[in-house]
Amino acid sequence: MFFHQDDLQFEVEVEEPNPRFAKMLQQAIGGAEGEMRVALQYMFQAFAVPRDHEEYRTLLMETAVEELGHIEMLATAVTKNLEGASRAQREAAREDAVIDEMMDSGQPRQALSAGLHAMPVDSNGVPFTGNYVVASGNLAADLYANVMAESTGRLLATRLYEMTDDPGMKDMLSYLIARDTMHQNQWHAAIDSLGEHLPVPASFPQEKENGDVNYTFMSTTREEREDPETPWTSGDAPDGKGEFSSGRQPGSGYADVEAMVEEMYNEVN
Amino acid sequence: MFFHQDDLQFEVEVEEPNPRFAKMLQQAIGGAEGEMRVALQYMFQAFAVPRDHEEYRTLLMETAVEELGHIEMLATAVTKNLEGASRAQREAAREDAVIDEMMDSGQPRQALSAGLHAMPVDSNGVPFTGNYVVASGNLAADLYANVMAESTGRLLATRLYEMTDDPGMKDMLSYLIARDTMHQNQWHAAIDSLGEHLPVPASFPQEKENGDVNYTFMSTTREEREDPETPWTSGDAPDGKGEFSSGRQPGSGYADVEAMVEEMYNEVN
Amino acid sequence: MFFHQDDLQFEVEVEEPNPRFAKMLQQAIGGAEGEMRVALQYMFQAFAVPRDHEEYRTLLMETAVEELGHIEMLATAVTKNLEGASRAQREAAREDAVIDEMMDSGQPRQALSAGLHAMPVDSNGVPFTGNYVVASGNLAADLYANVMAESTGRLLATRLYEMTDDPGMKDMLSYLIARDTMHQNQWHAAIDSLGEHLPVPASFPQEKENGDVNYTFMSTTREEREDPETPWTSGDAPDGKGEFSSGRQPGSGYADVEAMVEEMYNEVN
Amino acid sequence: MFFHQDDLQFEVEVEEPNPRFAKMLQQAIGGAEGEMRVALQYMFQAFAVPRDHEEYRTLLMETAVEELGHIEMLATAVTKNLEGASRAQREAAREDAVIDEMMDSGQPRQALSAGLHAMPVDSNGVPFTGNYVVASGNLAADLYANVMAESTGRLLATRLYEMTDDPGMKDMLSYLIARDTMHQNQWHAAIDSLGEHLPVPASFPQEKENGDVNYTFMSTTREEREDPETPWTSGDAPDGKGEFSSGRQPGSGYADVEAMVEEMYNEVN
Amino acid sequence: MFFHQDDLQFEVEVEEPNPRFAKMLQQAIGGAEGEMRVALQYMFQAFAVPRDHEEYRTLLMETAVEELGHIEMLATAVTKNLEGASRAQREAAREDAVIDEMMDSGQPRQALSAGLHAMPVDSNGVPFTGNYVVASGNLAADLYANVMAESTGRLLATRLYEMTDDPGMKDMLSYLIARDTMHQNQWHAAIDSLGEHLPVPASFPQEKENGDVNYTFMSTTREEREDPETPWTSGDAPDGKGEFSSGRQPGSGYADVEAMVEEMYNEVN
Amino acid sequence: MFFHQDDLQFEVEVEEPNPRFAKMLQQAIGGAEGEMRVALQYMFQAFAVPRDHEEYRTLLMETAVEELGHIEMLATAVTKNLEGASRAQREAAREDAVIDEMMDSGQPRQALSAGLHAMPVDSNGVPFTGNYVVASGNLAADLYANVMAESTGRLLATRLYEMTDDPGMKDMLSYLIARDTMHQNQWHAAIDSLGEHLPVPASFPQEKENGDVNYTFMSTTREEREDPETPWTSGDAPDGKGEFSSGRQPGSGYADVEAMVEEMYNEVN
């Protein structure tokens, strides 16, 4: 059961409304890296955690609920960036600077369909989709999905931070970036708390997997090359259950190398 | 800012788990008539209501938050319907009745991608999309969208009610249907409270619209027919601003009727 | 069976071709509020009306057919707005003003994929989807969907009207807005003609719905508040079948208020 | 401007209603090979034909209008297949055979969202999308798109024909297959009427294209092979403007063949 | 099994980076006419060709593999167009010209989600979809789909060619246009090699199709018109199996012409 | 530049063709956890790696190319599962067991659109979308996305393994699961090789983020609760740059606790 309190998690101020930045913010609302995704992802993951893992269920649901509040903050930011263009912008434009900007800059639906308010779409105008949500029913897989979501989410927020000069927007983004820092850390901490879990899913008995190719880096370059001696071609694998080696795709050798060599020889001689 | 309390708005019990009904319930979660749609629709509408219409903003947000709790109830119902098939079903099937059912009945992703849990997709497996959300920035248009959403939503819930014999599922649906009754009524009451608002948007001066065709039912049957004397071809229009008449598409008469008649005459003689 | 006559329902003139306005018009063709949606929605609804409701079937199909003609008008308007930019625009731009505008303004596919013609996409370039169509098999639900479609449709048309100075475009939009006025009115008249139909679907016996919560506004604010005495918390409900009251989510009270108070007391003392 | 006449282009009868076949027919309505696609494709193509190509514009629009009538026929067929299951089917099933079938067979939305009527979705329940429509602004490209649409469309119709034993359905499909025969032929005839048009677009001066690779079949097998002497590696090209030859991807030879050979030599010796 | 060689099929140079052209190029990567479509289309078609049609299987797979290399070329071109704006552009813009351009011109995700690199989306930002791929299991239908794909693909490439002044981009496009010339020709040659194959699918016995309407052009204009004497209303049909005639939709005549004429007569007199 | 060799990376055998398993396998081809996703994801990531990170570029591209071969293997498996049902299945069914199965089990398009071959769709029939691809332009974020993709991918493969009894299918899946083990390990090894990289993106100076909330777990339960003393509420954060603490949403305390307490006191007394 959910509840709401009518003030924002963090106050949102916009000094110089900027319709183009409103468009950018949409990516953080309805985009693949946005808050709708994480809010719904953590919520559906929480729904799937059995009651005897209460600790994780709570972790997921509490964070889902926080993210709902981020949608609210960002929607407020979009509205405030569209409420009225700055005086400077207005003077440059003929009549209605805000609408003009939206028409120009590729998010006309924000004027036409939403009356200059936030929408559940990304910065290109593509609608949010349930496809973005990963809730696999396997806790380790879900937590890695969350690490990824917060990594791309924080990346997006830092990009937005660099694109604005507005102090209010910088404050809000500084807050959201900080939360993403926490969320990355909390998902990593939760993964660590699982103990041995690699390869995911750990429940599958590894003796059933093909033992010839499960720790071999498989080169697919056309011409065979030397083992590049990288961290993924030799040494212990991170799961602690195998040792890396280097190889080729099975069957990709030249079936009849002698004939091949002869043919090539003839070519050059 | 949002909060959560770790019990359901209404307790969800399933006596006889039924994977096929789990699939059906997905329509009420991620479908066009489902709870994700209304939760997000009311939320985005609330974001767009200016602060001086507090009353409506609160109405919309409070209901949005209630709908979040309905997603939670339905997700619980899906999980419980998938948790284990009934003894009867299990005995009939070879090994894993639940997975077998999902494989058969066209929602294999619920087993393959979600480990037998709820997903943000509809009963056909099509993901939820931001396209479902209507938040136009015009309160009257939004409220009509909400009447429609609750009408199709209640229709769906009653269809689900008829499809199940499980007392727990009937109880849950009886609760949800009752809430849809209330929601239909509250949106109608909110529309009534707007006073004169037709045609939407009322702010557009009607003298700017083409006065020749704004209260005329336009027949498009190939052969002209008599005015059928329906409630939409005569009498006062519901907006109280015009009188219905009956007509044809402009220009759809035979340009040169005499020639036409002559031609047809020759055909029959 | 359908037929076509090779002139438009209403003549479309464009004095000053404007590629950006062409992009805007796409919303009225392939967008959620556009003519493809209503044409197909009314058509599929008509397909579903049983033969003994001929009157409604005819109403729906005749209007569907009219809307097909609106797609045609708008496609003509798009083409004319792209046919050649105005002299003024051409001189400002280097070589091909129209293509330049499309490249700039976020609908490049209109040049690249369609050779500067109309497309079945919205103003953000997102393709039309069958998801927009509501045809529920329940006449009342369908008619409310139509009221909503025409409300958001007329809203869009009036927004487009305000965005253009072109007399030809204003004439065309004045015509389309007038038709939307009629269509809103005709759907309301059709709803009225149904008699008692609330809550939709009226065929579901209300004694099966949970009688405790079907006329109660359910507050979800975190802190309990006074009944706000709104039109949706007291008085007769619009369906004439219940009386509004005001309440909280079931079970959302503080389970052990005394303990709670004591805890809070300690905090402040 | 469009018109409608209230009887079908071809009468639709169903002797033994079959919900599974209703689902199949959806592919011919809202699928990639379906009638919504061709109706809208020909319509948007017609919108884009300039007035001085009246002949082609008429050809396209008249066929578009015919296809609208096919949607109507197929929607009728869906409804009739869902109207009531056969006596045999009913007796086998517990209560409501039709709903049971839809629940089982992966199109539950047809019961849940549409009350057992036609929908703008394909047989997998995926909604129709504007993406299916090809209207490129180039007549030759469009006509090839139409040949393709009718080829896959007729293929679908023949597959449906083979899947049903119902005489009414066979009659309807026999009619639709015949129309597809005509449409394939008419698009081929229209292409022929264009005269020399290959490669599309013919307006692009071929001297601007890279003359080294425009008539060479480019082999991408890992190991070089003999010219297979196929109709596309030698002889005159169908456009009459070049002669086929056979080759490899540019730069895909072994850069330093001598070194290579030596290396391989060492491997085998 | 696939292999890769780390140089491009054709070298990609960009003299004057141009973010807007980067956006245009996305259409050729992830758009309906783009290289992802043809690469995957030919690949899935090849998977479906039975082993006894080795020749066609090889033709399809080799071309699929070539197209993978075109994605690589175009992705390189996108990156190079975004790597840094030209000095001229930089001076005009305030700080970061490239990001500014992307923000303005409707593909902000390229900065926000991809850090100024290629993405699997089209020039409007709409993601690539498996819907674009046609692999019908019927070789003739597939080859026509390929002719169409290369026709719209070459059309796109020539449009891009006309939109750029960059010599590097012109070279790359000249190469790709040449390949499209070859591919159009090779698919036509493959179709010719099939011998008689019309109407597709040729395996369906034509005596099963409705013989009354399979070679008749069906006029759907509202008013009956004269046979326009076009190549598709008389003469031999291209499949060599019928003769074109001209007609009307079955049943679309005026049922009672005499009454009709009389009615019209009265109207004019 | 890509190449192909006409044998599979691993031989695919099917002893007992099973159309339902063919449908399941589609999830591993065109689904969110499937091979099209990883092939394209690694490819687009490789395109974005600058030349001075050759090692990672090669790692990504070589794995992308391997995944292309997995699409090929799985497509072969789909075809073989559909090539003809087992004798047992055939005898049970009336005429064509395979088509019957596809019609029943919710993937009719595989028969209708693809002639019983592989398609670029998931097991629910929803088409593959470019949305699945994560290529952010930040190597660490991309590598976490890859860990996630291989975690959900291996989870899917093990679920498929458990669902089949066919020895050939078990062999193929055992091979694919082994490769997923390797890929999980190689991405982890690559992440380790980056050194300190948390929080992602590491390039953003942390002093710019809001220092009050970047290491605090933020509880959102309605009623305040004790710090649960979990690994994410105390101790060093995994990034080694902060220490976890536990708190509430900013501003979510009762503003005026004294008044609140008094009010509650009155309620209970």
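Letters A, B, C, D, E and F mark the chains as written, and numbering starts fresh at 1 in each.
The rule is short, and it goes like this: a residue touches a chain if its C-beta (ideal position, glycine included) is under 8 Å from a C-beta of that chain, and two chains touch if they have at least 3 such contacts.
What you see is a predicted model, and the numbers here were worked out from it, not measured in a lab.
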Any chain that touches subunit E and subunit B: A, C, D, F
Contact-richer chain pair (by C-beta pairs counted) among B-D and C-D: C-D
Proportion of interface numbers common to subunit B and subunit F (over half same, under half different): different
Whole-Å gap between the CA centroids of subunit D and subunit F: 32
Euclidean distance of C-alpha centroids - subunit A vs subunit F, Å: 12
For subunit C, residues contacting two or more additional chains: 1-9, 32-33, 58, 62, 65-66, 69, 104-107, 113, 115, 121, 124-127, 129, 131, 136, 138, 152, 220-223, 249, 251-252
Subunit B to subunit C touching residues, read off their complex: 3, 5, 7-10, 32-33, 55, 58-59, 62-63, 65-66, 69, 129, 131-132, 134, 136, 138, 140-141, 144-145, 147-148, 150-152, 154-155, 158, 161, 171, 174-175, 177-182, 184-186, 188-190, 192-193, 198-201, 204, 206, 208-222, 228, 230-232, 235, 237-239, 242, 244, 249-252
Partner subunit C, residues of subunit E touching it in the complex: 20, 23-24, 27, 31-33, 104-107, 122-126, 152, 156, 159-160, 163, 220-223, 249, 251-252
Subunit C residues within the subunit E interface of the complex: 1-6, 99, 103-109, 111-113, 115, 121, 124-127
Parts of subunit B lying in touch with subunit A, wherever the complex brings them together: 1-9, 30, 36, 40, 43-44, 47-48, 58, 61-62, 64-66, 68-69, 71-72, 75-76, 79, 113-121, 127-131, 133, 135-138
